[in-house]
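Order as written gives the chain letters A, B and C; numbering starts at 1 within each chain.
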Amino acid sequence: MADLDTPFRRFVADFREDKVAVGAAVLFVAIFAAAMACAYISPQNPYDLRQLDIMDGKMPPGKASMDGLVFWLGSDGQGRDMVSAILYGLRTSFLVAVTSGFIAAAVGTAVGLAAAYYGGWVDTLLMRTVDIKLSFPAILIALVLLAVFGQGTGKIVVALVVIQWAYYARTVRASALVERRKEYVEAAQCLALPQRRILFRHILPNCLPPLIVVGTIQIANSIALEATLSFLGVGLPITEPSLGLLIANGFEYILSGVYWISFFPGVALLVTIVSINLVGDRLRDVLNPRLQK
Amino acid sequence: MSVFIIRRLSQSALVLLIMSLLVFFGVFAIGDPIEIFIAADADQAERERAIAALGLDKPIWLQYFYFLANALGGDLGRSFVFNIPAIDLILLRLPATLELAFCAVFLSVAFGIPLGMYAGYRPDSRAAKTIMATSIAGFSLPTFWVGLMMILVFAVELGWLPASGRGELGTFLGIQSSLFTLNGLAHLALPALNLALFNISLVIRLTRAGMRENMPMDYVKFARAKGLTQRRVVFVHVMKNIMIPVVTVIGLEIGQVIAFAVVTETIFAWPGMGKLIIDSINNLDRPVIVAYLLIIVLMFIVINLVVDVLYSVLDPRVRLSDTGK
Amino acid sequence: MTNEATLRVENLQTHFDTKAGTVRAVDGVSFDVRQGQILGLVGESGSGKSVTGFSIMGLVDPPGRIAGGRVLFQGRDIAKMGEEELRQLRGNRIAMIFQDPMMTLNPVLKVETQMIEAVQAHGNVDRKTAWTRARDALGQVGIPSPEERLNSYPHQFSGGMRQRVAIAIALLNKPDLIVADEPTTALDVTIQGQILYEVQKLARETRTALIWITHDLSVVASLADEICVMYAGRIVERGSVDQVLDAPAHPYTAGLIGSVPSRNVKGTKLVQIPGVMPSMLNLPSGCAFRLRCTHADATCEASAPPASGDARQVRCFHPLTAVA
């Protein structure tokens, strides 16, 4: 029993108690894998114009193209298979969200650790900045940045980093402050271990659980935000279509009852966000009591 | 109380100053102010006039003061597209956005508080579970997609409500609003509900949490021991305690709602400043962007201030501990 | 003391249905209290004494329920009353004072509001009259300048003053019975004395029946006429103050008395009751106290001791003193 009881095993065992969360996790992994493998599994490359035929445009779900390709979820105005478009769109959404998430986590962790470790005016300055930043809605900040810098994949990643870092910073600072006051850190200080070592070997690992929880929720939020910005036409460029752009493209047809171009990418977006949120909720439940132990 | 307000006012002024600095450096240091404030097709004379007016030939710290003075005087350049002062353009669109935002906040209170109170009062009932499941959906559904689906269902399939525009305006007590005509209300219904959806969920959760937290408290049992009716215990004793955090959050959410109106206005072609900013970004109409930015920052600061004051009015403990200092 | 009992509790059973099983928080409690009489209900935390108090008020919330027995107030059974009937009784004929004065008053309502509503809940009284009664009640419990204090919020009062406000609220409608659930436990010792004195005086003056719930024997010693000692949901000993304190019959009562510091000679060791109160979900068979009792034997394990006697009662197979 004792040698089996590693923190990771305990974590997995705890997590598995909630069947809904397990289902959500499986679903998320499936979506993620399908999106990453889109080049191999999707029926067509939706951005290779040679494969598209305008005559196949606005086909309702289940109809086949002239080449015999079945559009299970219909086709868009340019004759693009929606299944393929959604998979490619998901890949773009994931790449943007995950990249920005990692950069924001790195920046936020650095800021949070600095604030917690140095305290004093460094802490005040950094945390005031975080407060002010968090008092403005994410979408507003993103709009402003994209208005100043212009469109582009790199730019939206920057915008998402600017939006998210403060959440990570606040979380890391809070748990680092708790850890810093614990006896083992004081003991490490007494042993005159170098500060860098205390920070990275002792405090940081203990900030990880809350960081993972915030990271999960933030990934869902940035997928939603990126989709919103792309929908508004200020996010990703037309050459890198994400789900938001697909939905926006369907917008012009919706009044004529051609619903599937907007509907199915939206469902894909919804299922992705809900599954991440469910996993995140469960992670918070499982990881939090451990913090108090 | 007055000490508290003065202190909060000076804090707000400081934030405003910092934000103006940030906006200034965003526009003047990172971007090229000539490109931002002067249209590309302006002739040489117009360029020179604008450069002099904006003080772009002066050192940077002086430019900041020019910028500040111009902003305070309400002059933030002219819209390239509409050729009227950017501030005027925004103020022209502001009422439509405020109308939408306040309707959304009203809906979130009108639905959120009763549903949340019920869900907290009878947490194990089927109705409460349904309410909570729906509110999770309200959190997760992307606003813009829900808006599209609303158009699809209520405007396209059922044909009950119009899908775009603001409709007829009525005038009442000197205020022009779509609230005062039936046609206007019909136009307002979908966008207001779309914008409110997230906040309804938020208010439901907050109210429910407050209810569950307060009901087992001693003061509730004591109130019942006094022989008060259950109605008075819930709607006076408990509600007054719950309302403190709820009102605070709703107040702060007004800012969020105004910001998120950008999405709703775009979908429903609502002629507010949110749609204006998106159009301006797409048309590179930068003076309007800068003006929008400063106005929205100002609105945020005012909202935060009002909420803080309101909070201290609602909670006697905060009020008194503050004047005591 | 020949008049009819104000409150008669007969074989009261209050149970809590939890996932782990049914907790018999109150398991067959009987006592009565007459007009002008003060009854001390003594026990450790978890003995069921507070639940007994809430059962009398009809304030047992789910998952708790009154599973059996009768609570006769002036001849009417509270356990069978509907919510509206109970409401008319609560705060009117039966009042309650709670343990922690910091938590019992609503923090966001003025004292005035909280007192006036208590008057108006039980009669068509106009605001002015209700206000006057509130002011008089505050004066009665010794709060200086009651007119001004009415206009204050609870946090502007000290703990002792808040408890006086709570007592004033209890007195507002001149109840026939007051249930006081450890009202002095959360207060400073000096203020405890004042409150005790005040309440005793008021109860004697108005001839209100008073049930004083406490874990502190020394408090009831100076206050009560009669004492009931509770252990694990049952009354293990009952009698007049002098009988119980001078000649305790139950080993548990004797242990309680032995552990009161003031009753011991300086320098002698305080007597402790060994062990802890058992979990209510997992009571030992037979006598609930037997695992902590030095007198326990096989008889105690076989069955729970029945209550012997009437006015003077003990639930023990091996009473320390004979009980008539």
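Simple rule for what comes next: a contact is a pair of C-beta atoms (placed from the backbone, for glycine too) under 8 Å apart; a residue touches a chain by one contact, two chains touch by 3 or more.
The shown structure was predicted, so the numbers you read here are calculated from the model rather than taken from an experiment.
For the pair chain A and chain B, there is no chain touching both partners. With centres taken as mean C-alpha coordinates, the chain found closest to the middle of all protein C-alpha atoms is B. Farthest from chain B in terms of Cα centroid separation is C.
A straight line joining the Cα centres of chain A and chain B is 25 Å long. Spacing of chain B relative to chain C, judged by their CA centroids, is 53 angstrom. Chain A and chain C have centres, each the mean of its CA atoms, that are 57 Å apart. In chain A, no position touches at least two other chains. By the touch criterion stated above, chain C contacts chain B in their complex at residues 57, 59, 83, 87-92, 95-96, 98-100, 103-109, 114, 117-118, 121-122, 153, 155-156, 166, 169.
Taken together, the chain A residues at the contact with chain B in this complex read 132, 135-137, 139-140, 143-144, 146-148, 224, 227-228, 231-234, 244, 247, 250-251, 254-255, 257, 259, 262-263, 266, 269-270, 273-274, 277. The touching residues of chain B, counted against chain A in their complex, run 15, 18, 26-27, 30-31, 139-145, 148-149, 151-152, 155-157, 163, 252, 255-256, 259-260, 262-263, 266-267, 277-278, 280-282, 286, 289, 293, 296-297, 300, 304. Touching chain C in their complex are the following residues of chain B: 217-219, 221-230, 232, 236-237, 240-241, 244, 314-317, 320.
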